[in-house]
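In order of appearance the chains are A, B and C, and numbering begins at 1 in each one.
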Amino acid sequence: MDERPVAATDDAADAGAEAVSAIRLRRLSREYGERLALREVDLELAEGETLALLGPNGSGKSTMLRILATLLRPTSGEVEVLGCQLPDESWKLRGRIGYLGHEPLLYRDLTGRENLVLQARLHGIPGDEASARIEHDLELLEMSRRADDRVAGFSAGMRQRIAICRAVIHRPTLLLLDEPDSNLDPEGRELSRSLIGPAEGRTRVLVSHEPERAIAEADSVVRLDRAGRVEQTDHNLRQGPAGSGTPG
Amino acid sequence: MTGRGLKTLSIATVLFLMAGFALVFLWVPMDADQGFKQKIFYLHVPLAIVALLGFIAGGIEGYRHLRSGDRRHDANSYVFIHISVVFGVAVLVTGAIWAKASWGYWWVWDEPTLVSFLIVFLLYCTYYPFRYAIEDRDRQARYASVFAITAGAFVPLNFMAVRMAESVIHPRVFATSEGGLPDSMLLTFLVCFVGMGLLWITLVKTEMVGKKVSGQVSRLRRTLHDDGTGGGSVGGRIAPSVESN
Amino acid sequence: MTPSRSAFAALLAKDLRTELRTMRSLPAMVLFAVTTFIIFRYGLDRTTLSGSLAGGVLWTTLLFAGILGINRIFVSELEEGGFDAIRLAPIDRTVLFTSKASALFIYLLVLEAIVVPVFALFFLPDWSALIPLLPFLLGANLGFAVLGTLISSMAVNSRARDLLVPLLLLPLVVPLMIAVTAVSAGLFDAAGPDYEGFGTWLLVVGLYDGIFLLVGYAVFDFLLED
């Protein structure tokens, strides 16, 4: 089964533009208690490209990812993801994004498979197709054997592998990955690349604590400073299927 | 809600309350059945009605907050409930005084309205520990609104259920139902009612103004200290602040 | 958007499966209730109960046992990252409300199926009151389930979770308790079930359940926002 996602043909997208914008942020700010976690962030990411989001601890990277995932509302500013205005059109967006956060978002008392089946049902994926996808992904990440054990008994690495399956079960076109390699051994990282690594038509926002690795995969890099402001932006870092600029 | 008109309001409140007081003690005739102690009703009942209306208004503001996301409605809801709870204490105290005078006990279960009010009062007392247990400001405001709406829906249900329980077990007629009041008592009652209502509004406005000022102060402080590292007052107030828009 | 019916079924199945597997709530609830009956036997120094005393003991015990279950209903969501998996899914979030309330309703039903016969065994001279009690057991379950879900979903995010649920729930269930204990007093009458007020109280319970179902349904979505 060919599992590479097809590039989205989105009604709301601007059909005439050359590089369709997957994410567009204008002066995005988000409060956190009495201070601002994100401060007037401007950002644009074209479809099919990878964005590396870097910065020190507390710079708001995870917050931004959660806003893009519709889990948090922006305090002010404009957020447009896959043609949908957040937060008003959040409901349109769910089901088209895959979010992998710090938490694996798995129910501890269910088995790995049961978790994935639940996710599939919540996303409205028909039974047969869901089973096929689940088996395929488990096989890919070499979790087929252990998938019938309860998640509570998993090691962190195993949990992360199932979490990755969970995040992409519905084959989203936009991936929001918050340190996806955490807890994974080198083998796990390699195996997961086909599901969450760079690919044709796959738009990704990647937060990583290993800047070199993230930058190597990225078409753009955005660096946030401690105040949640954009410190630096680099575009078109590599010759990719969607990028057309010169590297560096 | 601004401080405008607060002075006029306070004066009106004082006038009405004084007029009410005068009417109660100098003019209105004594109740034939209960005598002097009946006069506490001119205090007790208006307090109760205003408090209950205040609770329901708090629920309405909670609903408006959820609909619009405008924090001002949450601040309104908070203050409405706060003042009504304070009034509630007065209701229970005056109710206890009346109970003592009528039956010799500081509390009686035979009065359905008083019992209902106690339950409502206890419920709204839980508003505070509930609010303060939630740390995130946005979530706190939203949950408080949900509480205000739920509790507001609860008030009429509660009164109905308690009254029914009493009527099934102890059938009796509540002596001071307004329908049977002679004109002089009705007038006195109305004056007191308006006075209490004005008092409620005055207190609400006062508290709102106070919150607005402290909100401005904390915002100034925040801009002063804000160098991006969150050096401002992080462990600040938990109660809602009023932002001027 | 995923159709609500399949999302509801998936979530309810998840909760029931989890409970069956971990037995986190039910055994504690049942044990609590039975122990409480024993305490009442000695505390009241009675071996049979009738009338309002019987109603009071039964309903108070069911209420406090129910609160144990209500406290735990959202724990699995909280553990796995705070409702995020639900919030990310393309579903109507009210489905979480209905599925949790349904799960709670079922737990209460199971609790009563075990505990009410035990109560009858311990304290009642005959079991004739139990059948007419049934609609009130169901009605009270619905009320507890709806309010319990609503309150638990708010309390679960706070630090004082276990305190907050009883604190908020107890005043709110007073009208419900008034209704069921009033009618139970008649049903448990020593001389045989007395049906006075049966219809009226049933109406009160129905009204109570209806109002809070509406309120819960309307506001639940706002509780899951951020």
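Here is the rule we go by: a residue touches a chain if its C-beta (ideal position, glycine included) is under 8 Å from a C-beta of that chain, and two chains touch if they have at least 3 such contacts.
Nothing here was measured: the structure is a model prediction, and the numbers come from that model.
Averaging the CA coordinates per chain and comparing them to the mean over all protein CA atoms picks out C as nearest. In this assembly, A is the chain whose CA centroid lies farthest from the centroid of chain C.
Separating the CA-averaged centres of chain A and chain C is a span of 40 Å.
One finds 31 Å separating the Cα centroids of chain B and chain C. Computed from the mean C-alpha positions, the centre of chain A lies at a distance of 49 Å from the centre of chain B.
Each of the following residues of chain B touches two or more other chains: 136.
For chain C, residues touching at least two other chains, in rising order: 225-226. Taken together, the chain B residues at the contact with chain C in this complex read 66, 119-120, 122-123, 126, 129-130, 133-136, 138-139, 142-143, 145-147, 149-151, 153-154, 157-158, 160-162, 164-165, 168-169. Within the complex formed with chain A, the residues of chain C that make contact are 1-3, 6-7, 9-11, 14, 17-18, 21-22, 76, 79-82, 84-91, 225-226. For chain C in complex with chain B, the touching residues are 150, 154-155, 157-160, 163-164, 167-168, 171-172, 174-176, 178-179, 182, 196-197, 200-201, 204, 207-208, 211-212, 215, 219, 222-223, 225-226. Put simply, chain A touches chain C in their complex at residues 69-73, 91, 94-95, 97, 99, 101, 103-110, 114, 118-119, 121-124, 166.
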